[in-house]
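Same chain, two partners: chain A is paired with chain B first, then with chain C.
Right after this comes the complex of A and B.
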């Protein structure tokens, strides 16, 4: 947890975010997020990016394709426009997803 | 358990072709390959295998469902459910363990945001 990265509500990132440790997005990211642990898109966040991470948790807005190697969770208030590829998916009441869902990853 | 359903298609019943319509809650535990148009809640039970063009006010899936699915209020895909095709519903709840393959369209006004 101490190694986590946090992009605050006033932060705008255009480009790539790569890394191993947890990333919490509260601001705006346009580009690519590719990390080995969890990517957390918080309620204030707007992400227009391709997101891939071991776990992706969304309670903000994501426009782009999402790959969650072990899990994707869309919480109430989460809004996703894009395709989701994952082994496990959880969608809460109050979440919105528009796109294709591909769950073949976990069957290998 | 079945008492909340006015209509039940049991485990050993197969319905192929045609159309099922009505305004009573329907529980399907058998095999159904038909068009379903329901002004009530459709439940595909743990043994149910349903495919076709489906429209219902509410949907709950515990078994297997495949097709073009339109839900007017809320769709719940329970643990161990397997759903494929196109699922349109203003609200969708997908529990951990549910397997979905296909396209989800939920909420309203999404196109405007693009």
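Right after this comes the complex of A and C.
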């Protein structure tokens, strides 16, 4: 059952989250998220961290730089303050992004 | 939304740092750091946590190294491991249940129960201890103040019979009064019958007389 990591709304993580599981954030994360899978920041979430994942999906709040190696998606209600570096980016109507978008991953 | 009130750390996830939580937390992966919770923390099979856990209840089916304080219950499930030969664990809880392996020091304010699958290497501090058949304990068991028993009047070879009976009578009376509240029957102190005749020193006057005669002989 547990093939993903879920950080619930009543949980605060201060530090690093690493690994290969998909990560769902519903609470608060301060620090770093660096995973080889998808990171999903849900509406109740507040992430003040550098986020690095294969795919990043945001409908909550992220303050920090985001790297999505294949895709970054900011959904309605999603709020990003920070730079986004990715191969593909999707921004929905109602999403907020304050920062630079870098889609030139090839040059690192 | 209610079913979302939990946190699960997946089997291929490593969290380095501190976690504060007021909801159920299950660790299938790895946590290096401090977990503070006012709910339950479970380390599932395959899960590994090092450092510190403070929670209401803690269940370890995986592995835990470090210090843990549970306000209510700490349980090591069968197959669970707490502590290692290199590093003793320290756990404190009201109730501690050990059905897995435990190496270190456990302090319970109410009771420690060791199931038949439980193995303990270390020290158990508890007012009550229950062990099932098959449970293994290698180490110290300290039960309240009984770990340091009050010095029972040791019958020394020169002590007089009158003082012995006095102290014994005083000891047993004290036991019955202090233990009635706890519902525990006082263990009667076996009063050893003087099987051998009590050593009676020779009358002092005779000794002195002998010495005097020795002096005069010189």
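Here is the rule we go by: the second predicted complex is superposed on the first by the 103 of 108 C-alpha atoms of A that agree within 3 Å, B and C clash if a C-alpha of one lies under 4 Å from a C-alpha of the other, contacts with A are read in each partner's own complex, and residues count from 1 in each chain.
Definition applied: a residue touches a chain if its C-beta (ideal position, glycine included) is under 8 Å from a C-beta of that chain, and two chains touch if they have at least 3 such contacts.
Please read these numbers as outputs of a predicted model, since none were measured by experiment.
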Practice problem: Following the overlay on chain A, give me a clash-or-fit verdict for chain B and chain C. | Solution: fit
Exercise. Examine A:3 and indicate which partner it touches, taking first as chain B and second as chain C; both and neither are also allowed.
Key: second
Practice problem: Once the structures are superposed on A, label A:81 by its partner contacts, choosing first (chain B), second (chain C), both or neither. | Solution: first
Exercise. Could you tell me if A:96 is touching chain B, chain C, both of them or neither one (first, second, both, neither)?
Key: first
Exercise. Once the structures are superposed on A, label A:21 by its partner contacts, choosing first (chain B), second (chain C), both or neither.
Key: second
Quiz item: When the two structures are overlaid on chain A, which partner does A:104 contact: first (chain B), second (chain C), both, or neither?
Solution: first
Quiz item: Once both structures sit on top of one another, what is the angle chain B-chain A-chain C taken between CA centres, to the nearest 10 degrees?
Solution: 170
Quiz item: On chain A, which partner's contacts cover more residues, chain B's or chain C's?
Solution: C
Quiz prompt | Smallest separation of CA atoms, chain C relative to chain B, angstrom | solution = 23
Practice problem: Kindly list the residues of chain A that each of chain B and chain C touches, one partner per complex. | Solution: none
Practice problem: Over in the complex, which chain B residues touch chain A? Could you list them? | Solution: 74, 91-107, 110, 113-114
Quiz prompt | Complex contacts: residues of chain A adjacent to chain C | solution = 2-23, 26-27, 31, 35
Quiz prompt | chain A residues touching chain B - in the complex, by the definition given at the top | solution = 63, 79, 81, 88-104
Quiz item: Where on chain C does chain A make contact in their complex?
Solution: 4-23, 25-26, 28-29, 33, 39, 44
